[in-house]
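The first chain written gets the first letter, and so on, giving A, B, C, D, E and F; residue counts start at 1 in each chain.
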Amino acid sequence: MKYIVAIIRPHKLEDVKKELLKEEVHLMTITEVLGCGRQQGITEVYRGVKEVDNLLRKVKLEIAVNDSFVERTVDAIMRSSREGEIGDGKIFILDLEECIRIRTGERGGEAIG
Amino acid sequence: MDKIIAADVAWMLCASALVLMMTPALAFFYGGLVRRKNVLSIMMQCYVIMCAVGLMWILVGYSMAFGPDRYGVIGSMDWIFLRGVSIVPDSFYGTSIPHLLFMAFQMMFAIITPALMVGAFAERIRFSSFLFFIILWSLFIYNPVAHWVWANGGWLSKDGALDFAGGAVIHVNAGIAALVVSILLGKRDGLVFPKSPHNLPFAVFGAGFLFFGWFGFNAGSALGANGAAVVAFVTTAIASASAGLVWMFLDWFFNEVPTMLGVATGIVAGLVAITPAAGFVSPVAAIIIGAIGSLIGFFFVTKVKPFFGYDDSLDVFGVHGMCGIWGAIATGIFASKAYGSGSGLIDGNPIQVWIQCKAVIITILYSGIGTALLYFIADFIFGMRVSLREEHVGLDLTQHHESGYTLME
Amino acid sequence: MDKIIAADVAWMLCASALVLMMTPALAFFYGGLVRRKNVLSIMMQCYVIMCAVGLMWILVGYSMAFGPDRYGVIGSMDWIFLRGVSIVPDSFYGTSIPHLLFMAFQMMFAIITPALMVGAFAERIRFSSFLFFIILWSLFIYNPVAHWVWANGGWLSKDGALDFAGGAVIHVNAGIAALVVSILLGKRDGLVFPKSPHNLPFAVFGAGFLFFGWFGFNAGSALGANGAAVVAFVTTAIASASAGLVWMFLDWFFNEVPTMLGVATGIVAGLVAITPAAGFVSPVAAIIIGAIGSLIGFFFVTKVKPFFGYDDSLDVFGVHGMCGIWGAIATGIFASKAYGSGSGLIDGNPIQVWIQCKAVIITILYSGIGTALLYFIADFIFGMRVSLREEHVGLDLTQHHESGYTLME
Amino acid sequence: MDKIIAADVAWMLCASALVLMMTPALAFFYGGLVRRKNVLSIMMQCYVIMCAVGLMWILVGYSMAFGPDRYGVIGSMDWIFLRGVSIVPDSFYGTSIPHLLFMAFQMMFAIITPALMVGAFAERIRFSSFLFFIILWSLFIYNPVAHWVWANGGWLSKDGALDFAGGAVIHVNAGIAALVVSILLGKRDGLVFPKSPHNLPFAVFGAGFLFFGWFGFNAGSALGANGAAVVAFVTTAIASASAGLVWMFLDWFFNEVPTMLGVATGIVAGLVAITPAAGFVSPVAAIIIGAIGSLIGFFFVTKVKPFFGYDDSLDVFGVHGMCGIWGAIATGIFASKAYGSGSGLIDGNPIQVWIQCKAVIITILYSGIGTALLYFIADFIFGMRVSLREEHVGLDLTQHHESGYTLME
Amino acid sequence: MKYIVAIIRPHKLEDVKKELLKEEVHLMTITEVLGCGRQQGITEVYRGVKEVDNLLRKVKLEIAVNDSFVERTVDAIMRSSREGEIGDGKIFILDLEECIRIRTGERGGEAIG
Amino acid sequence: MKYIVAIIRPHKLEDVKKELLKEEVHLMTITEVLGCGRQQGITEVYRGVKEVDNLLRKVKLEIAVNDSFVERTVDAIMRSSREGEIGDGKIFILDLEECIRIRTGERGGEAIG
């Protein structure tokens, strides 16, 4: 099992969810985060003093999947969230040792979906 | 010579301040309903209108709208820069209060009207073009219509149209303009379903304080602390209560639950509907006017808009336009000599309904066509819509380099 | 015949608008203190009261409360639908202002009273049952008590009870009812310790604007722009300042630090305490009344409530009930002919204290028993409490299918 | 004997309530601009001033400021505890309204002035020391200056200084004191660049409702529902519109985009600038006064402050101090017999400019030196600044054991 | 060492914390997240237009523990957060390579508790 | 590649970013979290009732780095965020299997920076 962490642009969330659904990945956990990356932040101005902050609003998806789903998930995310410009985000894949469904106590591949 | 009545001055000072307050309240009513990334852009538009239209009003607007009449169509330039507008009462407008005070009260109306439209532009208009457009609109749409209906010698006024506090001039006018602009601007990108309001309590605040301010708006339109003001005060309170309740039950019936946004919207719909009728009708008529206003508003907002699919983001047309039309017609139906200075259908004067309809139709035509023209001009010169990228990032950051809230300390 | 005084009309228009504004302010005072998932439900209840009770008032409420007296107990049905209530002043109520305006001012009181109770129901009441209950309460608890104390011929009024702006009628009445309902509803689930307010600035806003509106409430109860209004205005400002300060120091002493919520609560406690006394007492007495009100409120909120363990979520009983009782009695102590039209203990009229106590006790008994009865009826028919699951998810989503804020853009 | 005019009472009741409301509005204007962890501390300071200074005013402040004159310098103690201040009009102050009402109106001014300073202390002051300091300041800085400029026999008033609604007494006074305190307190830690406001809509709300309340502030300073009130009302509306617009264009020019915070700040700058001039100048002069006020404010906020590097966190000096100075001088330039009771340069009375400058300079010197002295005393006794650790954690948690918002349900 | 990520219902947080305390697990990091799972979201209605959003508020716990604590931690969470209805959440277990306490510079098992 | 998760004090964020920049680590994802640790929370008081909550505002950084950067990153964070008092936070290091840049589709070490 893998634990996929994807950082995407906030307004792409709907598209990504839709695309993931097509791949039958419909379980995930979403967090609003600030990304600090290559993408230049918009200079904010408060009373004339400029604040060059390179923190940008991003959305983080965490998706636990069985190994066979990894590529499909990654592809779906890439398809739906790419704009081709700096700031599109990243996908990180970590190894997931165990997954437990609280409701049933199921473990492993069973529990993931 | 006319004599100033101090009590009328006292009330009109308060009423004017209350109407001014409606624009910030509106900024929150609208601001709470948009997505977080656009909250400031909406507020900015309201506040800039407060400044820009306010200033234009002093320079030329008041003269255009209320200055000595030219052919029933427009005011002359005699009163620009408030020349001759002093603390001596005018012989026609608000004869018991200083002319300057009448001007100030009308200034607040001139401000709130274009501010109402802002809801239709939400989340996709370029600020610079907006500013250009709204000044033109105020000059060439609002001022003439105000002249026709309210000015000494205005042709709709001579025709006998009743408009206590601005049903046609303000709500129909702004509502139609909002519809036109929202169609011409096109839909926002990627809103398959409407996003939930980012801060509903702000919208609740806005509705509550619009209600508060509306007492200045309607009861103030009596231009004095007199019986008409009291009637307008009472009908205002009643119509909004009745409309809020009706909307709640409609929601309950059609959407399973009563909603906060529904009640808030209903209250505003009732306030709009009663506006032209406020000082002319009985409290019981106010209940009916409010209730039907809410019905119409609900129908347009939840059925007509989705059907046609125009993106009147915050339902300016559905609520202000349609309830304003209904209110103007209702005035023709329910106006009663027992309560005010006009008589309508129930007083045995059916012709008034037709007079009201005429005023509405003329306003719709003028506002609709005029707004479209101004839109094309502004769009041609500046481009009215932001780029898709700016829309995605949000207007706050792209148009104003600010964000409403920090995500982190 | 009575003559209308325009200046009184001017002031009473403003005062009525200010009191109306208190309900939205209250919605924020309470809304900010609950958990995020219940913010709309509180606001909804306040706004729906504004609509529903407002409408009932027009239809029958005003007639029940102020209509021609029947046996000192209740008003007749002569004034339902505002029949006969016109811009001509009544010969008893507000003789210098249109009868309609007096009715409108009282309408705002009829609205705010049940709205005050909402704080005790927070986070666990079913909306439909709430609506049913609150309408009954307004009809059968508020209207009679208002009649007894304020109406021409009301038996407590004949008894000589002094209640300038509604200590017994409004605050004791609502406070006791709140206590009863909070006990009958039971505690919220899983609140081992009270959760911190989800948006304290909203509560701060609410307190500040309640203060603002309270000038209309108290000074407006003079029913004119006269000396009594000025006295009430000044005592209102002073009592709340003194109470706010005392609460701050109590907090400092008992909880190590002065708190914002403490000051805000203290201000409200002072406003409540001065309400029945506002136009009757000296500024110096106002300092004392406010200070002691704060002491009592603090004691009930921080000691008595935890001791007994009832879940009066937002301390309606502790603040409104207890400070209202204190204020009513204080009126009997401090009323002075030098400042108003009543005299109390310090004027050498100790019997007034007893008269005040009687009025309070009667209100407590009637409100307590009546509220319990209505509660059982409503609970039997609809069930007053939401399911545990709904409570966990929050009332906003379950009762209104809305959320206050979006978590994400 | 002077006779009470009911209409003046009606207006002054409203105006006083409006000015009281400005303090909560200010709490939001400032509160929205600080970081989230300090929002309550700012609001707390505003509200506590409302209580503490309000109470002091009743006890001794009013007597010090307006009591029977002693040598032109200070009021006697004859009116402490409001002895002799009744509903009978005073023979000098507000001769058509109850003396108590004049006192109440002035109370609101005494409250808002120190509240304005709070913006300069933001995010680093110890609450207890703040409280001690601000009471001293109110007693020994505000009261004397108010006496000099406004009291019967005050030496600056005898000198002929014009100050309609408190340019020198309020804005210059508070602005200079703010500058002094912000320098003495030192900079906040680790703010290499200013953090973005944590809740800009709150600041927008604050600015809008300050605008609303300012009508009470300026038009109320006419002390009646008269021509001067109307002139002040109109000039207030105009100056702020013009200033808001100018600031917007300055932002546009220097920072690429027009900003919401810019417009809000501009509106406040315009309101400050017109304050001393409000009832003395023409509407056209008001446009100029507002515009130049905005220019000066913009220059000080965006250029001078960064250059010198003092940490006047919310620009109290830049906006209130500098625009107040400008307004006071502008009064000397634009005052015109055609609009009010003073005449300035344009009326051919150039000496008035010098008189105004004198009043400003004296206020600056007295306020600057006096504030520094009081600061040293308070700092010596209590220590004015919180520890670095407390600053990092935030004042809400460390000074008040509360947080503004919950992060989680 | 393991890195446990648990997604639970928001109102269960208090219970979970209490139960974890019993197992002497009192260090954790908590985030408010949106969960997209089997559990149906409540249909929201804004001006009559229904928004069928299946994002639900959840709370995410991140707990780094020594291997011997893993089962106790998982058990405690399951005990205290199960309601037996869809939406109870999941527990994910990842391998944790290193843990460092910033204050002391301690590493590994020492640093975790 | 490693996936570094660091919990720090909120007001240290600026310093940490600056220090990381010096080590040429300028890509990260930031979340506001609540930390439950040894550090005692400040007792909050609402209407006299004390709420002893031990949840404290913290900031979580997630930084994916190549192996050679791990120690530099850890050092930089420790240098800049240590105050020496309880509550300084922790650094967790997880193994990162894969990293993908959405914009370009690059994978692995290429994609990380």
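Odds and ends about this structure:
The rule is short, and it goes like this: contacts are C-beta pairs under 8 Å (C-beta built on N, C-alpha and C of every residue); 3 or more make two chains touch, one makes a residue touch a chain.
Note that this is a predicted model, so its numbers are computed, not measured.
If you compare A-B with A-F, the chain pair joined by more contacting C-beta pairs is A-F.
Chain geometry summary: the mean Cα position of subunit C and that of subunit D are 33 Å apart. Between the Cα centres of subunit A and subunit D there is a gap of 50 Å. Once the centre of each chain is set as its mean CA position, subunit A and subunit C turn out to be 50 Å apart.
Of all residues in subunit F, those touching 2 or more other chains are 11, 30-32, 34, 44-46, 55, 57, 94-95, listed in ascending order. Listed for subunit B are residues 5-7, 10-11, 14, 195-197, 199, 225, 255-257, 259, 261, 401-403, 407-409, each touching two or more other chains.
If each chain is drawn as a node and touching chains are joined, the picture has every node linked to every other. On the side of subunit A, the complex with subunit F involves touching residues 2, 5-8, 31-38, 55, 58, 60, 74, 77-78, 81-95.
Residues 190, 192, 392-393, 397-398, 401-403, 407-408 of subunit B touch subunit A in their complex.
Those residues of subunit C that touch subunit B in the shared complex are 4-7, 9-11, 13-14, 16-17, 20-21, 23-25, 27-28, 31, 39-40, 43-44, 47-48, 50-52, 54-55, 58, 81-82, 87, 97-98, 100-101, 103-104, 107, 127, 199, 202, 225, 399-406, 409.
On the side of subunit B, the complex with subunit E involves touching residues 193-197, 251, 254-257, 259, 261-262, 265, 298, 301-303, 306, 315.
Of all residues in subunit D, only 407-409 touch subunit E in the complex they form.
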